[in-house]
């Protein structure tokens, strides 16, 4: 991975772009935030038929304006960092790239509307600025809790997946492939809609048998929806307690994990 | 901020209006409660076409009656308080004002129906009487818990917001801007309806691709809906434990935070 | 309240009807359970048009059969108890009476279909038999937890009620009393459907403004639905810990509340 | 129950089929996993009208191919195990059998489409391979927590069942058996759809009375949905703490259940 000594102007640039403790850095971050949000607004408004008809060209120009600015920014980020490749292949680096590409691709062929999704990803860039806010600790708490429960959740999700496949095929049979339950995939879609308690109502059981099975499925889903909540709540409770305990450290032996009301270190007996 | 010595009649009035430990105060509060509730009922009934046709004028008269009464009450509140401005700009003070205004505005121009919402705010005034009930401690508990989790919730809400924008634009592309996914804002509206498991069904995916993406979104929402629950539950558990511990204080050193079953103060060793 | 000495045959009858430790008592309870369930099934089947047309008379006969049996049972319950009035005005006693009445009322005037609801109450009688099952401790746990959180829940419900009234009137204004938001009560109904994440879709916002407000409401409801869960979970956690602790009592001083792994009583130092 | 000494080749076969610590065993498991998943995909695709029309015969051939393979596998499982009957009547053994049968039954009479559900059960076979993954501990945790809360959940479910029956009959009366509330069973179906917050919207109250009752039901369901979550969360919290405590054992007395920060065994005083 490429790596070289940075010149003073690069260091300065790095400070502005990557950090935010300097005044210039703060200004840069806020400008970027404004640009990102407004660029997303443009994409949104452009997607509305009537506005597109009226201001289509204006939106196109603005889109190009943003694309160019973000390209320049991307270049600068590459220039002033020690390990450009490291940045390129980092999560945020890839997002930065992905959000520029569609603009240029639309240049070559028209049907690149489908790439507009990538523009939506620009929103993720906001999280880079997020790190400055006073909410960073809350964000960390959530991330920690979610990471901690990720494995359990994924196992649960596998169970749910197996469940909806089976329930879907049961309903497909119960409704004899009619009333919207035209195929097993459709029935699985219905099962997901039902068990997540979303319940669009675009597909609903019509036969008594179907309604009976559906009722059973709903009651099952009723109990099952509690599982992810249980997992995450438990995880959060642990993280919360952990964070709370870590807050106090013994000056004597430097160990943590004391009760909130402890007066002496329980390891070395030193006054806290 | 204006502030002056109150005359005896003002003190007496203040007792009646702002407190409720006197008999007169209780009567005042209950009368007010009845007036508020009935005024809201009038607004509700007046909004129903047929009733409006029949009793329109009666409702108008009643509305004026309530408006005048509440105006008088507002005046009295201003007169008998030390810091009138403090009251005017207090949360409840503003509500009191907001709920009177529309009545008078409707006097000048007809199309003030949209101001009727403000009348709905009258319900918030009920919370003033709430402070008298035996449920005040429960209310405090809820408020404390919600305040405590507010920051985490808002961070989570930001995540959700970013998520729905991205998911919305994905669905917009998956359904080629058809089947109700006419624009990104509409698709975002759909994404919110889906991820909150409300699931109206006014917009539903029609293409296989759309159904696949939608299923994924629902399962994501399934896990995500657990997060706010986890946050608030954890917060409540902490508050509950905290409140429980505070309930017992050492007569010796006056410190709190003793286990429910402790017999001696763990700080000064005094009998509890 | 009437109270007298029971004759031996009454004592015997009381054993059979009210207790279940005797063989006769068990048989009585099971027979009753079967009768209740089948009587409810009859009511259900009778409500289905086609079945009513076919077996209407049979159902009527059966209904009378059940009504008479339950009447006899009610009499017996009155006879063999010390304080008949105490039973009559007890929760289960009133249900017993309520579930007999409609049968006789239907005798006098035809349009007593609306009384059929009362027949549904028969299901509550099942809970009398419930007390025999091995699940009684679980039932108590749930009841204790729900009772404990009842006050908090009711305060929360009041908040929700105030919220839906205000949100309802906001939507009524946003949609200009159209698209199903024909009146404030209708809009409140919609707000309840939305905030509880039921989301029928019978009323949905059509205007952009309405969709925007609705989205906000959904996200609010998203956070709010967590509150009752938090309340009940916290309460259950407390009850669970409490029940767990009560399980062990010191033989020395007879006090409870010892850790699950404690070997000595923390109050008197006696071996557990 | 039959039981005999296994020959060396049987032991070898057993290793491959039932275990997975050998290379051959791993290969077998992965092959099986691939076969199961692809067989399910075939069933799904075959259920789609157009694909069935096009590739119907191909799917049929594949189905036979899978059926034969699974039959052979089943035979092998029988041959190489000590207690064949024990396997046959085990949960996974029955599933293995159930997923083979339909293939052969379809041989004798055509209308065996309804048996296709059984094919869906093949997915459950995946859980056999599950035991190999690194997620086994998470799976155990979930199973333990669910088992622990099973009794409470079932009691709760009984309550819910009684509730929906009563609410259903109330709505049936409130809507006079119209607007989709054609019978009590239908109304009960609606009540389940509502109280589980699924809310299809295929049946919705039309009369003001109905809407009022429905609103009440929704708010009740709002509080009730919290109960299973509470149960499972509490259970998980206990399991989590339990698991955490068990992690550390005293080398001296070999007893577990020490606090995470304990330095000495609280039973024998030995250094942990």
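Chains here go by letter, A, B, C and D, matching the order in which they are written, and residues are numbered from 1 within each.
Everything below uses one rule, namely that a residue touches a chain if its C-beta (ideal position, glycine included) is under 8 Å from a C-beta of that chain, and two chains touch if they have at least 3 such contacts.
This is a predicted model, so every value here is computed, not measured.
Student: Starting at chain A, find the fewest moves between touching chains needed to arrive at chain D.
Tutor: Minimal hop count between chain A and chain D: 1.
Student: Pick out the pair in B-D, A-D or A-C whose interface repeats that of A-B, meaning over half of the contact pairs match by residue number.
Tutor: Most of the contact pairs in A-B are shared with A-D.
Student: If I list every residue number at the interface of chain B and chain C, are over half of them used by both copies, so same, or under half, so different?
Tutor: Result for this pair: different.
Student: In whole angstrom, what separates the CA-based centres of chain B and chain C?
Tutor: So the centroids are 29 Å from each other.
Student: Quick one: chain B and chain D, Cα centre-to-centre, how many Å?
Tutor: 41
Student: Can you tell me which residues of chain B touch two or more of the remaining chains?
Tutor: 185, 188, 197-201, 225, 229, 231, 233, 237
Student: Could you draw the chains as nodes, link the ones that touch, and say if you get a line, ring, star, complete or other?
Tutor: Topology of the interface graph: complete, with all chain pairs in contact.
Student: In their complex, what parts of chain A are in touch with chain D?
Tutor: Contact set of chain A toward chain D: 151-152, 154-156, 158-159, 162, 165-166, 168-170, 172-173, 177, 182-185, 188, 194, 197-201, 204, 208, 211, 214-215, 218-219, 221-223, 225-227, 229-231, 233-234, 237-238, 257, 266-267.
Student: Enumerate the contact residues on chain C facing chain A in the complex.
Tutor: Residues of chain C touching chain A: 197-201, 229, 233.
Student: Would you pull the chain D residues touching chain A in the complex into a rising list?
Tutor: Touch list, chain D to chain A: 40, 43-44, 47-49, 113-114, 116-117, 119-121, 123-124, 126-127, 130, 135, 138-139, 141-142, 145-146, 153, 157, 160-161, 185-186, 188-189, 192-193, 196-202, 225, 228-229, 231-233, 235-237, 240, 260-261, 263.
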